[in-house]
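Next, two complexes with chain A in common: one pairs it with chain B, the other with chain C.
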Partner chain A sequence: MNQTTTSRLIQAGFVAAVLLTWVLVTSTGLINPIFLPNPVDVMEELGQMIADGSLWADLTITLFELVLAYTAAVVSGTLIGFAVSTTRWSTRVFEPLFAAFFAIPIIVFYPLTVLYFGLGPESKIVHGGMFGFFPIALNTITGFATVDRRLLLLAASMGASPKQRFVRILFPAALPIMITGYRMGFILTFLSIIGSESIASLAGLGHRIVWYAEALETPKMFAYIVIVVLLATLLNTIVAALELRRRGA
Partner chain B sequence: MAADSDSRPVTIRVEAVEHTFGGDDPAHHVRALDRISLEVFHGEMLCLIGPSGCGKSTLLNVIGGMFTPSSGRALIDGEPITRPMPAKIAYMFQESTLLPWATVLENIMVGLEFQGVAKPEREPRARVALATVNLQDFAAHFPDQLSGGMKQRVSLARALSLGTEILLMDEPFASLDEQTRMVFGEDLSQMLATTRKTIVFVTHSLAEAVFLADRVAVFTARPGSIKEIMTIDEPHPRGPDFMTTDRFARLRNSLYAQLRDEIRKAMREQQVPSTID
Partner chain C sequence: MNATAASILRFLARPVVSQLAFVILAMLLWEVAARHSTDELFTSPPSAVFAAAGDLFDDKGVMRAVVTTLWELGLSFLLAVVFGLAVGVGVGASGMTYRSLYPIILLAYAIPQITILPLFVLYFGPGPASKVAFGFSHGIFPIIVNVVAGLRTVPTGLLRSAYSMGATKQQVFRRITFPHLVPSFFTGMRLGMTATLLGVLLSELYVSSGGIGYYTELYTESFEPHNLFALTGMLALMAVFLNEVVRRAEIRHSRWR
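Let's turn to the complex of A and B:
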């Protein structure tokens, strides 16, 4: 048995153990089902939500917010990060500034965002975009600023045009660090959208989780949590697969 | 043979090149090169040797058109050099400067692309260059799958693929172990015998300079100027037997005698930042 198989088995075993504990604890009546519902009930609620279509409205809204916020973060983070990285002066000025902003819990600005953009998806998109922007911009700056100078010298000696220099040297050299930023940005954008939905919103998966928690309808709440977990796993797998393909492995 | 070599055509001419680093603030000025003039003949291997920080790499970069000296100039075939001339000059650097994300073959092809070679010609030319360094079986490998010596052979193949008349080599074997260096040296000498390339080669190694060079230019400590030019009158290809001759030992010793004082001088000035070289 090779190492990959072993670690996969341990990971699967861990998930199975958590589920098994969940089943055991709830079926013995040890815990009040209002605090922790039986997984069977949760699955039933999940089936119901899918069958009557009530899931789709919230799922679509969350995905819509996520796609727009993340796209905005990727585009603005990449462009601004690249622009900053082009001169040493602007890197010295803006890199610490962005790093300082990144260290602030941006969530403190969320009430302000709601004040400006309302309770609808707009405030989630702005807030999620802000969260995603900083790691992407910072890693883009680092990626371009740390390109091996000797490679650029070599390109110059072989007569590379500015475009060739960018396409063949700068961009591929910066990309691995940028991809780390894209992953971090993605996780933060997703987290902040679910989080802001659960703080102040009208719809979305995060909104629904809090809604059912307050109504003490925990099986429904758990059904939405399961959806978020599955969504996170799925999106993370996609991003990781893209990253792997980029490496040309 | 001195009179004979003077009649050969001059490929590179360095005229009173002087350079001071440090920009606007005179307090930080470091004089790197002190009025250097020299000629490199067509088909010749000229080694530049000298203490660390003496400006030999700086001079190489002036010849390569990588930067403009404070005063003086370098000319190639009578034409002043103001910028890199990829059609005439190929570079090979000290450490491997291969693109880690590209295969061996792609690494060579990208140089041809930069140089402006038409797309259909790139792959066949890259494969020919790989074959000359005996790495044709590694075309699809990535640089991190190769040893240090193999990486430098790819770098050499990339430089050769450009088909330039001039090759500038900045301590290309410095990061390799001694055995690999010696084999590399023999291959290079073989290449010199068959292709008449004009090569300027920066090295720290006395044995390497004597083994490879037609002439060795000995630099003084900073500010670098040329102390002496030594001729090594031995036809290429040179083999391991040349290295064991008395003449080789004598040449190596007299080279060391030239360098000793300069190295001591450089050591005394070690507090000066040595980022120049």
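Let's turn to the complex of A and C:
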């Protein structure tokens, strides 16, 4: 047996042991089902949610918030980041300001966001957009600011127009770093939307998790947790695949 | 343009000066906008916020909440460092443990922890215990990941030549592995601090009986924006300060590289 097979077996064994323990402690009544529901119950709730369609309303709201917030973060982050990167002076002035702001957990501003935009989707879109903006803007600045100046000088000396220099050199050179920013921004936007829905909201997946937790309906709560984890994994895989493809191209 | 004007312009163009000028300008705009055009239930001019910050320092309840949040943060960070280091060393110790256990750590790390926040409250109650546990669950992963990375990226060439020259296991650890571990450990601590802070604040804002979250909710619901701004500002400054402390420590201990 080679090493990879052994490690795979240990991993599979670990996951199986966790699941088995979960089933055992819940079906023997060792743990109160309010604290930890039986996985079979969770699966049933999950099927129920999908069958009767109660899942879709919250899923749609969360995805709607995510799409708007992320679009806003990408557009504003890219435009502002590019504008800042155009001169050395503005880079040196604004890049540290953005970085300092990024160091603050933006969640502290969420109560203010709720004060201004209410409990509905608007506050989540603004909050998610704010979270996503900083990594995108910072990586756009880094991307454009670290392009090898000799390449630009060379192109200019051979008579390339500003537009050609942007399309052929600046943009392709900056893109890989920008894509990392887009990926980080996406994850942060998604997590902050689920987070802000959990803290104060009227609807959405995060809201539903908290709702069922407070009602002590843990099987339903776990079903929604499973949905969010699956959604996060799916979205992450898509974004990572897109990133790889752009890199490879 | 005469020489004085040129030197003033050059002074203004220095990044630090421009940054300060930019911040002051934003404050002035905010002051003017808040005084003239907006509803005072929602926006407070910076002058009112600074006045409110002074009052908050005198408010015993708020100060107790700040202290509570700080020790929640301190305790969860301490736990995250101790357990993160222990687990990281265990996982990174050999090729076998690394290949078998590291993917499991990454799998657990990939789960959005915010979804299980209500579980923490269910298990640990609405008091400080749930904040410490949630902060710990955020802080431990970056520390594990970086400790493992530090142990696994020791150049094999160095190890091989040390062993071939007759170094004992202890000597190799002291002279090669340990110095390589230290910088990544500090990087892990910096990222872990950011994550712990996020975890503690998230759970504070979600439900709080006597911490900062109680007051942010109070001020939001009673429409006291000057107090909310002042408290938010205090939290933000605290975050920047803590970040700076761990970042300095990281730079100091990575210098040998």
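Keep in mind that, in the parts below, the second predicted complex is superposed on the first by the 224 of 249 C-alpha atoms of A that agree within 3 Å, B and C clash if a C-alpha of one lies under 4 Å from a C-alpha of the other, contacts with A are read in each partner's own complex, and residues count from 1 in each chain.
The rule is short, and it goes like this: contacts are C-beta pairs under 8 Å (C-beta built on N, C-alpha and C of every residue); 3 or more make two chains touch, one makes a residue touch a chain.
What you are looking at is a predicted structure, and each value in this text was computed from that prediction instead of being measured.
Chemist: In the superposed model built on chain A, check whether chain B and chain C fit or clash.
Modeler: Verdict on chain A: chain B and chain C fit.
Chemist: Is A:Leu235 touching the first partner chain B, the second partner chain C, both, or neither of them?
Modeler: neither
Chemist: Quick one: classify A:Ile50 as touching chain B (first), chain C (second), both or neither.
Modeler: Neither partner.
Chemist: Regarding the shared-chain residue A:Pro172, is it in contact with chain B (first), chain C (second), both, or neither?
Modeler: In the superposition, A:Pro172 contacts chain B only.
Chemist: Look at A:Ser157 in the shared chain and tell me whether it touches chain B only, chain C only, both, or neither; answer first, second, both or neither.
Modeler: first
Chemist: For A:Ala83, is the partner it touches chain B (first), chain C (second), both, or none of the two (neither)?
Modeler: In the superposed model, A:Ala83 contacts neither chain B nor chain C.
Chemist: Quick one: angle from chain B through chain A to chain C, Cα centres, nearest 10°?
Modeler: 90
Chemist: State whether chain B or chain C is in contact with more residues of chain A in the superposed arrangement.
Modeler: Chain A has more residues touched by C than by the other partner.
Chemist: Have a look at where A:Leu63 lands relative to chain B and chain C in the superposition and call it first, second, both or neither.
Modeler: Neither partner.
Chemist: Now for A:Leu119: first (chain B), second (chain C), both, or neither, which partner does it touch?
Modeler: After superposing on A, A:Leu119 lies clear of both chain B and chain C.
Chemist: For the superposed arrangement, tell me the lowest C-alpha distance between chain B and chain C in Å.
Modeler: Nearest C-alpha atoms of the two chains are 11 Å apart.
Chemist: Where on chain A do the contacts from chain B and from chain C line up?
Modeler: none
Chemist: Please output the residues of chain A touching chain C within their complex, sorted ascending.
Modeler: Interface residues on the chain A side: 3-4, 6-7, 10-11, 14-15, 34-35, 89, 92-94, 96-97, 100, 103-105, 107-112, 114-116, 190-191, 194-195, 198-199, 206, 209-210, 213-214, 218, 221, 224-225, 228-229, 232-233, 236.
Chemist: Show me the residue ranges of chain A that touch chain B in the complex, using the header's touch definition.
Modeler: 148, 150-151, 153-161, 164, 168-169, 172-173, 175, 248
Chemist: Which residues of chain C touch chain A in the complex?
Modeler: 13, 15, 18-19, 22-23, 42, 95-96, 99-101, 103-104, 110-112, 114-119, 121-123, 194, 197-198, 201-202, 205-206, 216-217, 219-220, 223, 225, 228-229, 232, 235-236, 239-240, 243
Chemist: Which residues, counting only chain B, touch chain A once they are in their complex?
Modeler: So the residues of chain B in touch with chain A come to 64, 66, 84-87, 89-91, 93, 95, 97, 99, 101-102, 110-111, 113-116, 162.
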